[in-house]
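If you scroll down you'll find the structure; I have some questions about it.
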Amino acid sequence: MNIHFMIDTFFVALSGVPVTLFVTAVALLIAIPAGFLLALSRVNEIPVIRQITMVYVSFVRGTPIIVQIFITYASVPLILTALFEKYGIQANIYDIHPIWYAFIVFSFSTTAILSEVFRSSLGTVDRGQLEAAQSVGLTSFQAFRRILIPQALVSALPNLATATVNLIKATSLGYAMSLQEITLKAKVAANAGYHYIEAYIDIFLVYLILCSLVEFAFKWYERRASRYKVHHA
Amino acid sequence: MLEITGLRKSFGPLEILKGVDLEIGKGDVVVILGPSGSGKTTLLRCINFLERADEGNAQIGGLQVDLRSASKKEVHSVRQKTAFVFQNYNLFNNKTAIENVAEGLITGRKIPKKKAWETARKALDKVGLSDKHDAFPSRLSGGQQQRVGIARAVALNPEIILFDEPTSALDPELVGEVLGVMRQIAAEGTTMLVVTHEMQFARDVANKVIFMDGGVVVESGTPDEIFGRPKEERTKQFLRRVLPEEYNYSI
Amino acid sequence: MEKYFDASYIWSSIPALLPFFKVTFLVAGLSVLFGTLTGLLLSSMKLGRNRAAKAFAEGYTTIMRCTPSIVLLFLVYYGVPFLAGQFGLYLHDLHTAVFVVITFTLQFAAIMSEVIRSAYLSVGRGQFEAAVSVGLTPGQAYRRIIFPQAVVVALPNFANGLLALLQEGALAYTIGLIDIVGKANLIVAANYNAHALEVFIALALIYWVLSIMIEQFFGLLERLFNKGKRSIKTV
Amino acid sequence: ADGDHEVRKVKIAYDQQSKPMSWLDENGEATGYDVEVMKLVDELLPDYEFEFVGTTSDDLLIGVEQGKFQAGVKNAFWTEERTKKFIYPNEFLGLSSAGLVLRKEDENIKSLEDFASAGYSLAPIAANNAQYTVIEEYNTANPENPVKLEAGDSFTVDVVQWVNEGRVDGGVMIEGPFEKQVTAKDGPYHQLKDEVVYNEFAVIKTWPLFNKNEQELADAYDEAITKLAEEKKREELSEKFYGRNLFDALEEVGR
Amino acid sequence: MLEITGLRKSFGPLEILKGVDLEIGKGDVVVILGPSGSGKTTLLRCINFLERADEGNAQIGGLQVDLRSASKKEVHSVRQKTAFVFQNYNLFNNKTAIENVAEGLITGRKIPKKKAWETARKALDKVGLSDKHDAFPSRLSGGQQQRVGIARAVALNPEIILFDEPTSALDPELVGEVLGVMRQIAAEGTTMLVVTHEMQFARDVANKVIFMDGGVVVESGTPDEIFGRPKEERTKQFLRRVLPEEYNYSI
């Protein structure tokens, strides 16, 4: 074991954290509203959208992310070029930074997972809350924004935390798309001297720290958001 | 003030309201009595569009609406004219007592925040909760929650308040508390439509009592008429079962 | 696009891939079995009164949730024989699948401990009290009253965990286990990396069909166990 | 083997997805240039019995270092730093021709210098791949004119297709796979034979890696490989797996 | 039959029961009254070991136990001798009405299945649920659920049944129903300890009334003594607030 290398590489791996967090943040920013809308479409049983949502969710939940990454990475450029050629659009899609593929893949998969999270959390809010809001003159939109969503959020938070932690871990597969994140950086550093054990330990440490912090932040926020609740023994 | 005609409502194959007519004047306190399942709650809910009626018209504070096909805008204006006090309170769990009361004023009525809080404070004080403004519903006793619910309705200063069994989930000591508050509001001239099992309240406060059964209004009249000289057999039967014997003696 | 994409590779890969499903299945099945049992133990530690046990179970869950599967896989694959070696046991000859099963058992146990804990808590304490008040022993109360009700709550999350496990199992090929994903990689390698897209599409199709089957199956179970429970439509 | 000697079983790991250097074939047999040479070595060593264990590149490196495997073959190149982790024997295992896959019109680019000067983009290379090391070393030696090197994963990158698509301007490939994909009549990309070219820029020695405690095994290997070299066995296998006897170019091999 | 001495119980720093003594003879129907929070529920729960007391002894049907440190076996035998009717029913959600009643007989008492079902059927018929044997709790009205809860307790034929506000969640018509069933059981000679707010029931059925407040027994006696001539100021105050005025007149 090469401790010196391990310490150096720990910081190399750490330098991949911003990319990881960036991808995570973008995926969440897209997936939270999109997942919420999909959840609403299933809850309210909107005909066609509901079926499409179900098929989509089962695909994303059912297939390994690495396979989704691969398919996206390989086929999106092929499809786009074909389209561009057909419509005579002058653009070089190969200049696209790999992070865009990461955005696509992780937004899609997180949206599917969050739609399920939100669906179950909306179910925990009593219908009476909506009725009470309407009876004091709030519109449905206002009722959702001010009363229902804040309450649904509380029961969604633990699952949201799990989804976020899983997303952060999943971005490590971004190495397959040359995404300069934690795992790839550590492994590149390891190559010169074949220091793979040290690299994996570094990767382990970085994720452990990162995910523990995220988990801690969610727990803190959950306590804050649920301060209106009484916890029974 | 409020006039309902030909209100019908079914759930699936079950017809719950079979043509209900109703008239309430300004400042009236009307009590609806009736056995469980007779459609009292459904009636209130249809008036406030929490359920869509299958048929029926309403005239609420000068506004004429079709209870079946009212537009979103009409629904909204009816709700602006009414307030609902729920049997199980339905306070906003994520808001404190005062926020519960202020919410409808600020977001629904667009009243400036400062003024809304002022109104909310007064309403809570009126129901005797001056010391609980900042408590979340989960930290309030049943009677206190019900009073916040009433304050929430009163603060809106609506043309009519609909009460759905506001005391049935309370223990006897708290019942007195809540009825006292309602008495006071009635005395101030607010129009009220109250579903309740509290005969005492009906007799003391109401100026009209409606007896419902099986989705229709069986009988209506002054409290003295209904309690003292009920005409219909069904009404007599119900009152016999519900009133404590001593009460009957004392009439 | 036609120049590179040849759908016939999809159809020819499927029959080549399918037989390797039994490896995936075996590994997932064993991990689910052992993971659920361990998860049961962990959740009882979390719910119990022993503070040290509780802290251990909670710490364990956090660490497991925060460790990427691939890292855990390597830790187990090299750590377990190393530790065993300290006690004079030689484990390097064990089949790779054993390490994969250990890894996913450890991970699945963490997930299940949370699933079981929340399912247990969702069955009101009143049910237990009523059961002992009619003369059941605590053991009987758990078995006959609490467990059947908790299962209903746990099922959807259990299905989630199972699907996740099947996916994560895809990583087992990194230590040389040839399950269905490993086989897909071998097919791609045998083509000198050409036409990988088609092979992976075939792989995705198989997984997709499987996940739909699992979802349907669990939907069925839910309806079966759901007797006596009123399902409330959301919003 | 003489009777009183116990035969020692050793595990030789190989990268099972690296055709034609080493791979697991359709029948579940280990094969490839590296594996076949090691099989011949095994035959010459009566005291040893080799067991070939297929795995991935990452696992092979960790496994050999930890002693899970006694040795491993994965088309590995030599670097100074790696000698701290592994025993490199005295004798190399084989030769690897590394070249640039380019579009037909870029035929005139013959070296990494040319490629770098043109400012071309290169297909990502898996970080644990020997080719990555070659480019990296070139970049270290030529800091003023580096190749744009990006790490990725081998299984997501299909060099011939990417170059032809225009997704990248060039990619590094070993000659063997290129032959089998494009030049061979039944190759999956035979239809592209007039659109892409392969320009060799280096022939490099490849080595087996031995665990630090396996000096004896490494010495035994050296003995056997010397014998094989005399019999020109490696040349035959090179012809068989790479379609060309790389040993012809041995004179020019720098390392 | 049942004798409690020196029962104390705290939750954290809060002392809820501050030394309660109690004696019930065979066949007695004892009603416990008291304001909310006075510790009535906690008392019943301690007797059945749903809560562990901090101190206190009990003698239940010939069995002498320490309420603080009883062994698992002792707890089990006390529970075999008692039955509990919960305020919020606590029916087994995953079992039909008849299975709810039979469960304790089959699993707890080891009675053969056939015989247990026979007993369960009779118990349900007695509470007027002959047509609901196979319904799950979620499909029963509140009054029906409460009656299943009572049947479940009665079928066990225990030495004593503990009732915790068996009517407080019911509407007035259902209250009558449930009290009727309890009257009938009392008439059959079952020993009962009942926490309730139903004064009518206390007066008609109980042969002893206990008034609790602040974790102690304030006063106890026959219904006539408690309702007619309460000695303690606190008792009088409570009764004034809880009883309908007419009821006071009629005494």
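Chains here go by letter, A, B, C, D and E, matching the order in which they are written, and residues are numbered from 1 within each.
Definition applied: a contact is a pair of C-beta atoms (placed from the backbone, for glycine too) under 8 Å apart; a residue touches a chain by one contact, two chains touch by 3 or more.
Here's who's who by UniProt: A = Amino acid ABC transporter permease; B, E = Amino acid ABC transporter ATP-binding protein; C = Amino acid ABC transporter membrane protein 1, PAAT family.
Given the structure is predicted, the values throughout are model-derived calculations rather than measurements.
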Common touching chains of chain B and chain A: none
Chain-contact steps, minimal, separating chain C from chain B: 2
Farthest chain (mean CA position) relative to chain E: D
Pair of chains joined by more contacts [C-beta pairs], A-D or A-C: A-C
Chain whose average C-alpha position is farthest from chain C's own: B
Between chain E and chain D, distance of the C-alpha-averaged centres to the nearest whole Å: 83
Whole-Å gap between the CA centroids of chain C and chain D: 37
Shared interface positions of chain B, touching two or more other chains: none
Residues of chain C whose C-beta touches two or more other chains: 4, 74, 78, 196
Interface hub residues of chain D, defined as touching at least two other chains: 58, 62, 66, 155-156, 158, 165
Chain pairs in mutual contact under the definition given at the outset: A-B, A-C, A-D, B-E, C-D, C-E
Complex contact set, residues of chain C against chain E: 124, 126-127, 129-137, 140, 144-145, 148-149, 227-230
Of all residues in chain B, those that touch chain E in their complex: 35-36, 141, 168-169, 171-174, 176, 197, 200, 241-242, 244, 246-247, 249-250
Chain A to chain D touching residues, read off their complex: 2, 69-70, 73-74, 77-78, 81, 92, 94, 175-178, 184, 187-188, 190-197, 200
Chain D residues within the chain A interface of the complex: 58, 61-62, 65-66, 79, 81-82, 84-86, 124, 127-128, 132-133, 136, 150-153, 155-156, 158, 165-168
Of all residues in chain A, those that touch chain C in their complex: 40, 43-44, 58-59, 61-68, 70-71, 74-75, 78-79, 81-82, 116, 119-120, 122-123, 125, 127, 130, 148, 162, 165-166, 169, 172, 183, 197, 200, 203-204, 207-208, 210-212, 215
